[in-house]
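Going in written order, the chains are labelled A, B, C and D, and every chain counts its residues from 1.
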Amino acid sequence: MTYAPQKLTREKVFRDPVHNYIRVDYQVILDLIDTPEFQRLRRIKQLGTTSSVFQGAEHSRFTHSLGVYEITRQICDQFQINYPTKQPGDGLWNDNERLVALCAALLHDIGHGAYSHTFEHIFDTDHESITRQIIMTPETKVNQILSQVAPDFPAKVASVIDHTYPNPQVVQMISSQIDADRMDYLLRDAYNTGTKYGEFDLTRVLRVMRPYANGIAFLANGMHAVEDYIVSRFQMYQQVYFHPVSRGMEVVLQKLLQRAKFLYEQPDHHQSLAPQLLIPFFEHDFTLRDYLKLDDGVLNTYFIYWLDYPDTVLNDLADRFLSRRPLKSVKFNPSTEDCLPEMRALTEQAGYNATYYTAVNNSFDLPYDAYDPSAKSPKTQIEIIQSDGQLNELSSISNLVAAISGKFSGDERFYFPKEMSDTANLEVFAPIYQQFNSYINNGAIQAHPHNQ
Amino acid sequence: MTYAPQKLTREKVFRDPVHNYIRVDYQVILDLIDTPEFQRLRRIKQLGTTSSVFQGAEHSRFTHSLGVYEITRQICDQFQINYPTKQPGDGLWNDNERLVALCAALLHDIGHGAYSHTFEHIFDTDHESITRQIIMTPETKVNQILSQVAPDFPAKVASVIDHTYPNPQVVQMISSQIDADRMDYLLRDAYNTGTKYGEFDLTRVLRVMRPYANGIAFLANGMHAVEDYIVSRFQMYQQVYFHPVSRGMEVVLQKLLQRAKFLYEQPDHHQSLAPQLLIPFFEHDFTLRDYLKLDDGVLNTYFIYWLDYPDTVLNDLADRFLSRRPLKSVKFNPSTEDCLPEMRALTEQAGYNATYYTAVNNSFDLPYDAYDPSAKSPKTQIEIIQSDGQLNELSSISNLVAAISGKFSGDERFYFPKEMSDTANLEVFAPIYQQFNSYINNGAIQAHPHNQ
Amino acid sequence: MTYAPQKLTREKVFRDPVHNYIRVDYQVILDLIDTPEFQRLRRIKQLGTTSSVFQGAEHSRFTHSLGVYEITRQICDQFQINYPTKQPGDGLWNDNERLVALCAALLHDIGHGAYSHTFEHIFDTDHESITRQIIMTPETKVNQILSQVAPDFPAKVASVIDHTYPNPQVVQMISSQIDADRMDYLLRDAYNTGTKYGEFDLTRVLRVMRPYANGIAFLANGMHAVEDYIVSRFQMYQQVYFHPVSRGMEVVLQKLLQRAKFLYEQPDHHQSLAPQLLIPFFEHDFTLRDYLKLDDGVLNTYFIYWLDYPDTVLNDLADRFLSRRPLKSVKFNPSTEDCLPEMRALTEQAGYNATYYTAVNNSFDLPYDAYDPSAKSPKTQIEIIQSDGQLNELSSISNLVAAISGKFSGDERFYFPKEMSDTANLEVFAPIYQQFNSYINNGAIQAHPHNQ
Amino acid sequence: MTYAPQKLTREKVFRDPVHNYIRVDYQVILDLIDTPEFQRLRRIKQLGTTSSVFQGAEHSRFTHSLGVYEITRQICDQFQINYPTKQPGDGLWNDNERLVALCAALLHDIGHGAYSHTFEHIFDTDHESITRQIIMTPETKVNQILSQVAPDFPAKVASVIDHTYPNPQVVQMISSQIDADRMDYLLRDAYNTGTKYGEFDLTRVLRVMRPYANGIAFLANGMHAVEDYIVSRFQMYQQVYFHPVSRGMEVVLQKLLQRAKFLYEQPDHHQSLAPQLLIPFFEHDFTLRDYLKLDDGVLNTYFIYWLDYPDTVLNDLADRFLSRRPLKSVKFNPSTEDCLPEMRALTEQAGYNATYYTAVNNSFDLPYDAYDPSAKSPKTQIEIIQSDGQLNELSSISNLVAAISGKFSGDERFYFPKEMSDTANLEVFAPIYQQFNSYINNGAIQAHPHNQ
């Protein structure tokens, strides 16, 4: 028997709090889970700094990746029971696509690194290209296993993840506006944070999915379940993912890494700072093997080292990150943006290096969008299929979805040390603090008399 | 206003998946949560290697500690509403005890370190004495905050944790056979693992607790809720905490640290190995500050370093730990114990250093015990209070509890490399493997012809 | 001690699947629950014919009424802890209002009868005026108990329910667009039907409520929790309360009662039909005592009697109702409405009495509305209170709510015997059936060639 | 295509709060659900008078029956995937048995009547023999549908329910100490009462079931899940099913029916009492058609009639039942049983007819029992199957189960009017009340000085 279709004699399960069981019936899947590259995801939190606000959000990209696999498996099962293809080109489900779908689902996040987005921003790495590398390069266990299925199998799996795989059903399962990835993270993040916004009726959504020639559509009688999912996603962004305090921790992290990089580039610090596993990244010269050694704990370990490093910006930022002392923030908008230079100046006057102690941070998300061919990366729209086969784009028939469709939600915030807003404290800096706070009202920057 | 009774003008909450909200109304509690010593608990998993089997078990000692605080707060509330003291010595609840109870609840685990039990075993540290140090030494933020309540307040909090505090109600809230600690960890571990064994009816248990002169008793009409809790605890030990695979990872960890310590003591490795933050522990000469720098991520970081270290035992064990390749096990008992030397010898013959690749591991727990004054550490028994005030020890009136009372449950296992049981593989070592496996039947060592 | 403030020495609880425990600490509340008028609510289903579609929806108005009481109790507790009045007119919470609020919450539905809306329609009863009667007339146990609190207490409770009580906070707790009644029924109906649409974050909504001079407002940081509640309510109407099949059962019930009333008015049936407990209603001459004898089971009992009654319309409709054979439906709109006469005529031709076997049924709901003084019954709008005290009406700051605000949702349907659409059956009526179905496409009436 | 294997082109689902969806893929099952005999189960509460204590327990035998069907369906699926038969006599699962298993599961309770056990006791009916009749007699829709599958199919289904069907796997699915019936009612009753005692890990129990030659066994690694189920069942009996107050309502019901029957037998009441649908039962001469007309609502309707009947025992008992005023109780045992005559005499002296106002009520259950061929109805024991195929009876390897195995749990209680224990009331009967209460201590009868 070849490796590809090698089914286990008895299904193996992983206990999961969200899906109850993750069910595996291919040896390939078990072997992929057991690779060092995949096991490494256990050491990377799914939500980064979010657990500084929602303390239960301690789950890893490992558990999420298993969840995406499981939802994909359930979609394949449903398609195979209810919509099996009869002849090529009939737009129904071809179960030969199952294994590539499952592998892509499992591996879609395998290139993620420690504190992903912040790290990428500072060190110019790209988790998507690394995902591709991990799958394609013969040096990884992942590639070696995938290659046993068929020589071209790694390339197939990679093409699903980067949307170039020819079968749109497989691509949309893993990546679309309502895919296994988003469905798992909403449910899992809601479960672990203890919020309810992310909950939606997964069983019903899965039940109303159906394959068609151009991908996946949703039965008209399940429109409200899809609507509920879109609203849930919108609310998770508003309430959890964009939380200003969690972004305040992200800003600290970003400034901390930026300071370390700056110091490393100074001759007198170069030698003494030397964070062994980060050096290739400071040097802009890293291998995949270097990348795969990083995880949240490695970064935190260097932050612990830096607590004692003789640079007050570095050791203070390290302490703020480890002891959870985020920068504080106020909202601003184009009309109040011109207050920022003066607020930065006041922060400097109060003794803070404004380069490291102030920041602007945006968080915006497009909760849902109908297809717009002129967009930079046009999104696959959600299609509702009527009983006579007619397709309607979701926002065209749902008032709720139309209300949030195509509109960016989020805000733009100015971050600064919390101490700046402590006007009660009668210190030497009190007048500066008071002037600083005259710019702020109701959590937002207000136009200032001086600037008007 | 003094610090001690400084209540917040509006309750502050932390969202929690198990208790929905953790409610805080004292500034002291908020300040303790914000200390570096307490924040460090975010970086230490509550269940150590258990997440290698139940992958959802990624929660930290931080979230658990908040949970213990919250349950204690709820007990105090219930006692204050229903059983407030009228006069000294009436055995009812004195709400002046609330703050010491809450602080002890929050801090009871603060001395825990990375991979606690294994680490303690190898490096001879003791988390209980460190908890006491953190609370008592003026160098910690925790002590500084507690001291602001009253100069003797740190000592009071510490005495609750080590059971010498005079009020038995406060002590039993935090530490007894049915305390806030156990109640939180059962619910939280069940929630995160996705198992249901740990679930019991917390609201009802809390409702039937009542203070009396010698501590805390349970109303007779709530006996079954307490019974259910005992059975849940028994089953979590059987099914989750004693899981043989998770113990197989613990064995790998233990051997890995043991090997590193051994190498460090060799002159030619001393210099090259040098895991900066662990050196004080290798040297048996560490400060509290050294201890507080450790966490799971720090240890994992050194394991990543060791992947490349030129000692095949060290780098292989590091890889096994990081990539989740536990040692395998079989049960044995006194009558089959004499097979172990030969099985160890065969493991050596197959090329493994038996000192590092075989181990014996016991896991035993006493699910419940009535008071036994002759025991090494006699346990506070659970008292059921009848409507006429009479007390009955739980196991004397519950068949279910009597069935598991005073009986150790658990097993003794022999661990070895999984490869030893791979008899299908036709390798050079196949005959050795076959001989090794002739000692094993149905997951346990069987008496061997040679030894009979 | 007077009766009014007579608190129980120990809180009494009722186990509840939605709120875990219903907590009672006033003797008055216990006594009201024990009245025959309140116990009767156990025999009236909360959702009438909905259980014919969502079979779990078997819960009664009794459990819902306890739930409304419990949510009201929790609101009072929160208000008393966080917003206790300091001086008259400060717009904060006066806890002397607690008992009237609790009693009104408990009793708000006490006038509901069997299959309420349908029954009222046929027999011209009015559950609101009966609620008032039960509270006000000295012949009821409910009135006798309320009168013991104070002679004017029944009138106070009644005035809360009919919105004339002077304190707007108390009125809005029980009756507004986000009140204890709606919050309980959404959660309870979701729990029992097993749908998730009705779920929202009750704990958070309660936490962000605050009293102010003109009623109850919601803290700005809780806006999304309120938004989520509005969306949940919208979806429960769409998916559960307006379900076309459940309305098909309601139509059968309505026609059945209408036929019985018609027959009773015929001399030759008058004597033989005689449904003892319904006669006062057939005669348009009933007392409160007559009304309180009715419940779902009484009506069903007469339907069982009528299975054998020698009128084919009556016995067939009774059988349809008891054996769950709803009329079928299609949507129509003003442009297709003119097909109805011909479709009714075809139904007659197929042998059905169109008066009893066809019907038009509308279901429309206003999910949320800002205050419109010109409306027939203007609604209290939901106010979001900013940190500087400013009030914003919800839909003015929520895109989601604006999307469904002020718009009626629902549909208009034509009901007919399911047999009419059974075109596969080659019967004598087949041509009629085929002609009938030529009017229908995709679940709606389509404009017909004949009519164009 | 014949009717038997007529699978639906697309699965039909019923939304269920316990199992999420009930999935149906046979037309036969849909048709059985639509019969009047099965729909009637909607009007019979699963737990009778239990909802007087746990008010959420309002669910019907209809929803339970669907649940038993669904669990059976899941067992068949698991067996077919993992243990399909290869050749006759191999002890594995033959999927041709699926339809008979599903039908038997769905119909196993179809003979239940209103307030089943109490009614049977008074009127000498037997729901098991009626179940058989409904399935076997050509006058029912149920039989007509089953007969279309095959002429001998009704007899097969009936034989599964009465344990004479030759395939022990099918019989044990529906009826054994761990069957689909018990599993559904534990979960459903726990869900609706809001208690947690009945919860156990259904998914895991189903996963570890396997067919073998003599029926169904459980994999050794799932032993704790089975143990947990047994303990849950034990606790539901203790806490919910045997609740003394709910039994106090049952006693009222029993006495009420007994009084009505007595009066009916008196010439002067015969005519006036005349409860139309009950007459055949009063006359000991009823048909199946008579039986199928009864439900909870019909009985309650007559109780409402009787509120006005001029017999003070009858109208008072009716009022007690409808307004939830149960008889009160105390425990007794063989050593205190001799106090009963005097307590009954005192009740008479206080003006109550002791025949109708006092009662003895036993509730005993055998939580689990190993097979005992000498028992009146020997039970199928639960077999745990080891990895080498060896079977162990559950209680032989589980301390917990052994603790409650073969031991009857429950109690024996004496019921009397609550007024008898109201010693605070200074009435004419006060001395009698006081004497009565001198027999009672701590909720049980105590040996009385007079009797010693």
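Quick notes
Everything that follows uses one rule, which is that a contact is a pair of C-beta atoms (placed from the backbone, for glycine too) under 8 Å apart; a residue touches a chain by one contact, two chains touch by 3 or more.
Every value quoted in this text rests on a predicted model; they were computed, and no experiment measured them.
Looking at the partners of subunit A and subunit C together, the chains they share are B, D.
Comparing mean CA positions across the assembly, the chain most remote from subunit A is D.
More inter-chain C-beta contacts link the pair C-D than the other of C-D and A-D. If you average the CA atoms of subunit A and of subunit D, the two centres end up 51 Å from each other. The geometric centre of subunit C is 32 Å away from that of subunit D, both derived from CA atoms.
Residues of subunit C in contact with two or more other chains: 20, 195.
Here subunit A touches subunit D in the complex through residues 10-11, 13, 20-21, 81-82, 203, 207, going by the rule given at the top. Interface residues of subunit C facing subunit A in the complex, by the touch rule stated above, are 195-197, 199-201, 224, 227-228, 231, 234-235, 238-239, 386-388, 399-400, 402-404, 407, 441-443. Touching subunit B in their complex are the following residues of subunit A: 14-18, 20, 34-36, 39-40, 42-43, 51, 54-56, 58-60, 62-63, 66, 191-195, 276-277, 293, 295-298, 300-301, 304-305, 307, 319, 322-325.
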